[in-house]
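The same chain A turns up in both complexes below, where it pairs with chain B and then with chain C.
Right, the complex of A and B next:
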């Protein structure tokens, strides 16, 4: 509901930032959607995503955004609406969490081969049962093989900015892929911070209008999208999809460069951020909000003279293979923090661990690798937990990776 | 340095109040040049009516936002509180927000020399007869007022919010200063009345704060459950076995889910005049929590340990003055009212009328008007004096 005392904002002098405002992660995403001037929003509630749709309905009701706002009867319909809106040339937005996200999956997977550049927010949530609402990354991770762009925001400010960055990359004619922007449920979606809201004028310089060209479905331009094809087409379509993902690598780099030019040096590197890694021997790598306790742990361990660093992996698809290989090859040991679990996978670790370890395999000199399963279902991952993970990873640097290379953190055992 | 504030509020009824107080603290602290952020205890949602919930605000004069977030953000609950605010004083009887959590003392998180700030009309000593002992001294402050209860998405704009901010500045100016509270309210609302309410609450709270020594308070009667290790519970997902229930079991034979009794959810409890009861069964039928137990004489006993104080029984009871909702802080135990009545009808009726007093409470939640209070009538006993 609207705060009866009104909204207190702080005007800033900067021409690219309009104001500072107290926003939670969900409201931050909604501000991103407003600034991206989205045309069609389809909504269906599930926590933690729900507050995004709440915030958007208010923004529209307040006359700050002119958009069609459609409440669907389920996530499946919601995602179909977003996908179809995108095919008529509307910039479209949707989102979900946890099991709701999984329920709409049929509509999600086909959006990739349809090459419709929609943007979805995934407020990461555990996959029930029992009904658990806390963060776990398996929901968004389920998209990793489906031809989508998939990235994680580490702060609410990043979430806002990545709505803009996401549309720009997804809609680029060299890419045209759907984009999922994941953010940790609870810790990110529901924490209120003073955030910087970009000015509309600056955003319009960064994000051009969505143009689907002659593929746009319109009475004046009758086309059929996604007609039935037989077995003699599918492999080529997959290969095209992959080619688009390859091209996306360059487009992503361009987008961040342009964003930095307009809004200041926000992102030193597009795919992942390195923190105190210059002379590091041991690093942890993780996705999302865990970067905050992890980097704080690094600062404390550095005070004790320990050579540790942290890598915040932002883009998971396309996976930054070459960049990560070049970076991680420098270290003696690498520990991966997985806020997900890959049941029955090699060594029974997490999804990120499998990909990073596979990425490093061709290196002649590989770091010792260990994996941590932690923070499942919203369990705390504290500074002390991160220090423990650094200790285990540093031990692997001295002794080599142990046979049991996966450790569960924070489990009652 | 980090200052941690928690707001203990009643789920749904005070949801906006809790959130707004958290938001205000962040904005005021930010204006004072500090770093701050705020969040709710995520596991409280989806909130149920009246369930004890928490909102947090974290303030630091020297840490970066990232370090403050690292210390406080990635947590399900707070480690300790410099100030625990309680916006409904009946929560001093303990808080049980969800299953397997146990009934926790309201001052559980208050650190040494910290402050428990309660919105209440009761004196300190009355509150302390419900509050658990701490091994160290802390402060107890009261802000005169009743529980500002509203409804789902509804906020009751009755100056409780502004007054709590003023009181917070009084008990710990290291979090927010009263001058900053006043300036913020004035800038935001252009309404001098709001700033004045905060200032008056500030002055009053300075006078109504006192030290609580380790000897004061009660020995906490509730255990904190220890959750099982992963190999200690049956490997079939989470299964809760049903418990014996049924008419034939009678009032003392009924069993309930021990892992989640929910009695700390209530602000008011139903007091029953068994002598007026016409045995229509409506309270028993309509109680959403099945806290009425059938007795051999056709009456219905109340299990106050599981009653959430929803007012439903009082609303459906067709007999005036038979079921009346009463301030939970007027009661010190959850003993069976039917047993007391059976033992001595006359003494029970006198006791019930004493507890009921003159005020009749109803709260039309959805209107956001909060509590309606009317004057009750006294109905003479229907039983012959023994």
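Right, the complex of A and C next:
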């Protein structure tokens, strides 16, 4: 960030990538944690995120990372350990999936209200009952109103890089919010990708040391943290969280710019990636690994001359209101793929749909909007499913959004 | 036969006048008059001194201590969630250890202390405290036991004395006694279940004088994870005049209903050996509290009987509820 020599020297000084390696999403995240030189890790088993912790324990056992590794008695304890390690100034890491994530939820809420910039991985998993290991986004989505940074990785490479990007944004003095990095269970956590692993030296240029400053709990800094406030101060504190989330927008932009500078043009835009949208009339928007079949569907439909594109939404909190408004306003129709559900919400749609539709409301010319609930509990979302979703969305471009604007995809009926 | 105890190298406070004058828990709180839990706070902070970090679980010792953004804490203190006492201590201890080992902060001994109430520590947070006591971190958990969820207006917990009236256990015309659980034996349970935890104790802030402060120092000096369970008369929850807090603590101990001991490296040391010194009838303790006003003789006899069993029949009297010596019961 402060490197006065900037871009030019970077490529020549030393290689920014240390090696190439075949890793799955979990192992990629573990490499990110190693490179971030995390001080405290708390683990608790639940599929599919567990393998992150498996990998980290081996990394520590082999002396590649110097960190405290604690096997907690529950997710609640796990998250509290992470939170309190962060409060004394240690860079801390945790994570979970599905029902484990919900078990520790109280601790997640206070990590945000205490403004402790820890990083958690969420290997998205359906909530019980009945049990299912597969992906569903409701676990991580439950954070959306809690003052967290929340983003989805779409590839293992992105997952690794967002551990570094995540800590940098979260720990920035203007932000100080915890960060949840979500990735689709199985489709990303356990699918292997050829990865470029960053070099330690390059990472240290990108990610400064964690410094909690005058809120660090230490005898040299005898502060009282979170005394009871009652009706007297809660409004102001909520507003401070809100301002931090607003400032995060600028910090996010800086972080990606710097990342691109050091590691090459990896991210054209922080918040979402656009695929073949230039002249598109109809786009689908989704989060996470569904981008793979969706992009393939776009290519196939393009071969048939259909003007379709795909938007892979990465950041859900803070929500890229202006950016999405500017982008989606260009299209005739937008279909949202929700790998989650918002029971009882307007039109009984998904969570992403509700936010995107609300985001576009102020536009004078709004695209027709439809929603798709699909891939719940780990059910596959295939290329054919995506093509069907494009067809329905394109029809809405011609006829306007139908009364029944939510379609369940791949449902046995 | 007196057991050979490990020598704990700690700075003992021998006389009341030798106690440090400096306060690390001071004005700024609004606990009730006669609140013994507040005294537990004051004493542990005095005994542990300024190189300490503390977390306090939700409860009276959070809400009444730091109301409206005030704070009585001179040492660094942070709130932790109701059931997060053990994990908060692990988190701080782990963070400090990592930072010291990696040369990010100065290497020194920093006391890591959590205090949790009987509901927070003894019920909800038991698993987290168990996790902490299995760890190899230097930390101390103090479970301050006022025998109710006091902060939420006095509800029964797993540590409330049998028969007590609370807002969840009011006597009625059909059911005289709504609280029928026998007090959970947390200190001994934790000692039995965590054989590498070197120090577990029960204590009262005021009886015997200085005992709790010295136990705090011992716990911090011996190393590893440690646990102290304090017995805190609560004028509001127990319904007695605040002037009698200290006396009630003493009566509770002398009646044998709250045994006072240390378990050091697996060896039990009675602080007040009710067998040798004689027990006063529990009635003398119960009758001074409004929360037992609805009990009839039969109930008091039942409580007395249970206390007698604790002291006369348990293999480790007042501590562990194993009976019949070391013989395994025949089938």
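The criterion applied here is as follows: the second predicted complex is superposed on the first by the 399 of 413 C-alpha atoms of A that agree within 3 Å, B and C clash if a C-alpha of one lies under 4 Å from a C-alpha of the other, contacts with A are read in each partner's own complex, and residues count from 1 in each chain.
The rule we apply is simple: a residue touches a chain if its C-beta (ideal position, glycine included) is under 8 Å from a C-beta of that chain, and two chains touch if they have at least 3 such contacts.
Just so you know, these numbers come straight off a predicted model, no measurement behind them.
Asks: Should the superposition on chain A be reported as showing a clash between chain B and chain C, or a fit?
Replies: Pair status: fit.
Asks: Answer with first, second, both or neither: which of chain B and chain C does A:39 touch in the superposed model?
Replies: The second partner, chain C, only.
Asks: Could you say whether A:304 touches chain B, chain C, both of them, or neither, answering first, second, both or neither?
Replies: So A:304 meets neither chain B nor chain C here.
Asks: Looking at A:221, would you say it contacts chain B, chain C, both, or neither? Reply first, second, both or neither.
Replies: second
Asks: Between chain B (first) and chain C (second), which, if any, makes contact with A:76: first, second, both or neither?
Replies: The answer is second: A:76 touches chain C but not chain B.
Asks: Could you say whether A:292 touches chain B, chain C, both of them, or neither, answering first, second, both or neither?
Replies: Touch status of A:292: first partner only.
Asks: Does the superposition put A:194 against chain B (first), chain C (second), both, or neither?
Replies: The first partner, chain B, only.
Asks: Put down the vertex angle at chain A formed with chain B and chain C, C-alpha centres only, nearest 10°.
Replies: The three centres form an angle at chain A of 90 degrees.
Asks: Closest pair of CA atoms, one in chain B and one in chain C, after superposing: how far apart in Å?
Replies: After superposing on chain A, chain B and chain C come no closer than 21 Å at C-alpha.
Asks: Do chain B and chain C touch any of the same residues on chain A, and if so, which?
Replies: none
Asks: Quick check on the complex: what are the chain A residues that touch chain B?
Replies: The contact residues of chain A facing chain B are 1, 3-6, 8, 10, 22, 24, 47, 129-130, 133-134, 185-187, 190-194, 289-290, 292-293, 295-296, 299, 375, 378-383, 411-413.
Asks: Where on chain C does chain A make contact in their complex?
Replies: Listed in rising order, the residues of chain C that touch chain A are 50-53, 55, 62-63, 66-71, 73-81, 83-84, 86-92, 94-99, 101-102, 104-105, 110, 127-128, 130-131, 135.
Asks: How about chain A: which of its residues touch chain C in the complex?
Replies: So the residues of chain A in touch with chain C come to 39-40, 42, 66-68, 70, 72-74, 76-78, 80-90, 92, 106-107, 110, 114, 209, 217-219, 221-230, 232-233.
Asks: So in the complex, the part of chain B that touches chain A is made up of which residues?
Replies: For this pair, the touching residues of chain B are 16, 20, 22-23, 26-27, 30, 36-40, 42-43, 45-46, 65-67, 69-71, 73-76, 153-155, 157, 161, 184-185, 187-189, 194, 227-231, 237-238.
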